[in-house]
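As structure tokens, here come the structures.
Both complexes shown next keep chain A, but they swap its partner, so chain B is in the first and chain C is in the second.
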Partner chain A sequence: MNFMASKQPENSLLGPESDSQRTLYPYVTGTSVVALKYKDGILMAADMGGSYGSTLRYKNVERMKAIGKHSLLGASGEISDFQEILRYLDELILYDNMWDDGNSLGPKEVHNYLTRVMYNRRNKFNPLWNSLVLGGIKNGQKYLGTVSMIGVNFEDNHVATGFGNHLARPILRQEWHENLSFEDGVRLLEKCMRVLLYRDRSAINKLQIAKITEEGMTISQPYSLKTYWEFSAFENPTQGAVGSW
Partner chain B sequence: MSSIGTGYDLSVTTFSPDGRVFQIEYAAKAVDNSGTVIGIRCKDGIVMGVEKLIASKMMLPGSNRRIHSVNRHSGMAVAGLAADGRQIVARAKSEATNYQSVYGEPIPVKELAERVASYVHLCTLYWWLRPFGCGIILGGYDRDGPQLYMVEPSGISYRYFGAAIGKGKQAAKTEIEKLKLSEMTCREGVIEVAKIIYKVHDEAKDKAFELEMSWVCDESKQQHQKVPGDLLEEAKAAARTALEEMDAD
Partner chain C sequence: MAVEQANLCTPQDAAVVRTLRVFRDPHVDRELEPATVLIIITKHVMSSPSLNFQTQISGLILSLSFSGQRNMSNSVIEVPPKGGFSFDLCKRNEMLAKKGVNPPSFRKTGTTIVGLVFQDGVILGADTRATEGPIVCDKNCEKIHYMAPNIYCCGAGTAADTEAVTDMVSSQLQLHRYHTGRESRVVTALTLLKRHLFNYQGHVSAALVLGGVDVTGPHLHTIYPHGSTDTLPFATMGSGSLAAMAVFESKYKEGLTRNEGIELVTEAICSGIFNDLGSGSNVDVCVITKGGKEYLRNHLQPNPRTYTNSKGYSFPKKTEVLLTKIIPLKEKVEIIEGGDAMEE
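So, the complex of A and B:
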């Protein structure tokens, strides 16, 4: 009874749906998320930018959200898909709460659920265009994992998405150690975010750091990092360059 | 007042000559035969209590929940056929989730009551469906404050200050009417509900029962949840003392 059935050419290799039902490319995207385990839980950092292609269009996008009592989710990639994932998780946590039996979903369970969702969407060639970081702590057990848009998932002591994998993780591999204090953890994250700010063109200088511990989740107010641009190579950069303006 | 339908009671789609649908009345009898369920509206929230008649000593206390959360801010207590009740709760949960995803806010209690009542009524319209054999007390807290509704097997739903269904409903209603609900907090309400349930429980006919209570109030941050363990114990103790005092007279 669908009067506006989508037309497909006869030689199409597509399944029942036509192309317009599938995600082909992302539109409004967030850049890297970086996270690490520390003494009391998980620390996660992400900037507040939503890029529209090469334009830094939205500057107040919160890319990290608390999930239930025990988890924290950060996302890079398509912002609308992140919002959809939050809706799925909202329903998941609601049904979990309604049992009212003293149990609640922990970060490991939420991570597994997200992996299933992402992988199944990828198999239908209609991915949620996100790289997700899921961290949390339940009954003293810290957990930090990541899922990509094709369903690749793993857990580690420190994770990052996008450019963070190339720029931040090497720093973390050198300098991360067990039982970091809160101050050391924040300092380490800020070091990573500063490198990303200098080198990732879609990063903006307005970030939040979120922490999750047994007591719950807190997220900092947006703030900016101090940067240094007085390198001599940046002074009069076009001197001696032929034909530049 | 029991009257035999004799021929007009075989199907829910048949009216009797005096304008009654007997099948619905029989469904209501199923509710009257189950353990008492009470709900009251206090000044800062709702308290609901269920007298769970224990069928066997082998049952684990705390199992066989009769009060279910429908959304964060509302819950339903069911009397009558438990399996029918589970179906209605599932439908209510689905309605609540659907409303939230379409309108972006938690379903107002009034709306939820209307949808549940419609669903119950639906099953009284077709000959190939039987009416639900359960009565429901629905309590919730939205931006219009705490509200209490009752839905009967006929699909009627009204808003109440205090409601009771099941075996001891007449006695329970009398007791509820004695309470000054508009001045009571939910903490006090929990004790009162426990006292009433212990009082209307018929020791002679039914041996053991388990008391299950839930609340939605300012103290629970407007979330529907089981009454906390220590308050429940306090309520049970107060109820038992009140019973003993009565017996001592």
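So, the complex of A and C:
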């Protein structure tokens, strides 16, 4: 009986192609991205941390990038795969510009392209280890969608990746409404990012908020949220229960 | 001597051991000599024609352990060498699981439970859905358990475990109350629970939110299945704990009044109910203050049945009733006046 742990159960069909080229586990990861539709377009927030396992290795990672004139892409998961996706999209936009026909790829098209890429990579057992958020506005039509690393995609009024799904989505479901103003949208996003900062261990207090409207994309300078740690009840919680913790 | 520890594999081996036991006369204060045992066994082996028996007997001999000491051991029953929880069946379960035979899924309370300390006391909240794998087995169960008149406990995890452990500690607390003549304290319940859970090393899958008000003030604790505890001003547990915590982290403030507290707790539980698949149905709330407790069962019912026929359901008449006759039962028992039946 062969007791040696074989690392290639699923690769047996693929012959001599070794796993040196496939992403088996993510190494440098970004945590959640949260985005919502507001009156003039899309607002998206992500922090700037790149964790290497349990160490916070990189604190200046921009996880949101503009794609063409109309879209904004945010990613969580493996940073190197995100950079690869940006290269694919660069090529896509370049070819689109070379047509020079006055038409440009909108967010719906880019989202579809990303879905196809992610799903095909997953079928080859070589996934791009990311959860992507794609938002944009073209001809007055707002669009916000998400693609996961296995190719699950959908569009909604507010989306989040990773921990954001568990902590931010409930808040957004309760408090989001149509035609949020810019200030209200930012306030809501900050509320979500604050809860994530409190309760997600890989989150850092240095975030950027990006907005995309008909005029174009702007991304804020990195800033930090105000947090409150001074609740008196937390100061000496075991006062009445001596001996416990 | 450890004759009893022989590894019994066949009835023939049992016969050998029985013979040996007969030889060990209980009235004689002496143990069987190892030599005597060997002679008996050899005799059995020689008299038996089957080869099978011989190989099994050799196995039997190998597993007989002869201790040099001569101590009086009257016990024939097999006891584990150390006391406490025996994990023997865990190996067998692992082996079965590898072969694809999985144990039945537990009835869990995939749950949202929360606790909150406010100005004058503690508010506990819970949803009311109990699940068995993917099926909802109880749409309106009670997850806030009584521990003492001033202490209540919400339970998440395996339903049987939470029920049993809270029941047990509740009884222990009552005995303690009789013994001391005082109101129970929350730390007492906390220590009893965490000692029990740690003892079982996480196998008793009960995650609890314990809250109460005693002479030292209002207290709120969380207890994890492995036995660790936290003392917090607000806490959530269960599968819906992240959704509920999101609400707490964004809306908690100091100096909450009773109604504000109940509203916040209800909102947190609703967040769990609507965003977590393991939680659902109604919201239960329990407010404990120095004056007393208020158990608001089904305080909020945000999931009523939407389409109900106002006329109800009329079952079609199948068989016709021809005759209705009521015959009262004849009394066969004579009631004796006075005297206690138990008195002898």
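Methods note: the second predicted complex is superposed on the first by the 216 of 245 C-alpha atoms of A that agree within 3 Å, B and C clash if a C-alpha of one lies under 4 Å from a C-alpha of the other, contacts with A are read in each partner's own complex, and residues count from 1 in each chain.
Rule of thumb we're sticking to: a residue touches a chain if its C-beta (ideal position, glycine included) is under 8 Å from a C-beta of that chain, and two chains touch if they have at least 3 such contacts.
Keep in mind that this is a model prediction, so the values were computed, not measured.
Asks: Between chain B and chain C, whom does A:238 touch in the aligned arrangement: first, second, both, or neither?
Replies: A:238 contacts chain C only, not chain B.
Asks: Have a look at where A:100 lands relative to chain B and chain C in the superposition and call it first, second, both or neither.
Replies: Touch status of A:100: first partner only.
Asks: Of the two partner chains, chain B (first) and chain C (second), which one does A:214 touch, if any: first, second, both, or neither?
Replies: Neither partner.
Asks: Check whether A:91 is in contact with chain B, with chain C, with both or with neither, and answer first, second, both or neither.
Replies: first
Asks: If you count the residues of chain A that each partner touches, which comes out higher, chain B or chain C?
Replies: Comparing chain B with chain C, the partner touching more chain A residues is C.
Asks: In the superposed arrangement, which partner chain does A:195 touch: chain B (first), chain C (second), both, or neither?
Replies: Touch partner of A:195: chain C, not chain B.
Asks: Regarding the shared-chain residue A:171, is it in contact with chain B (first), chain C (second), both, or neither?
Replies: second
Asks: Enumerate the contact residues on chain A facing chain C in the complex.
Replies: 163, 166-171, 173-174, 191, 194-195, 198-199, 231-234, 237-238, 240-245
Asks: Which residues, counting only chain A, touch chain B once they are in their complex?
Replies: 87, 91, 94-95, 97-98, 100
Asks: List the residues on chain C that touch chain A in their complex, please.
Replies: Per the touch definition, chain C meets chain A at residues 117, 186-187, 190-191, 216-219, 221, 229-233, 242-243, 245-247, 249-250, 252, 254, 271, 274-275.
Asks: Give the list of chain B residues in touch with chain A in this complex.
Replies: Against chain A, the touching part of chain B is residues 65, 68-72, 93, 97, 101, 214, 224-226.
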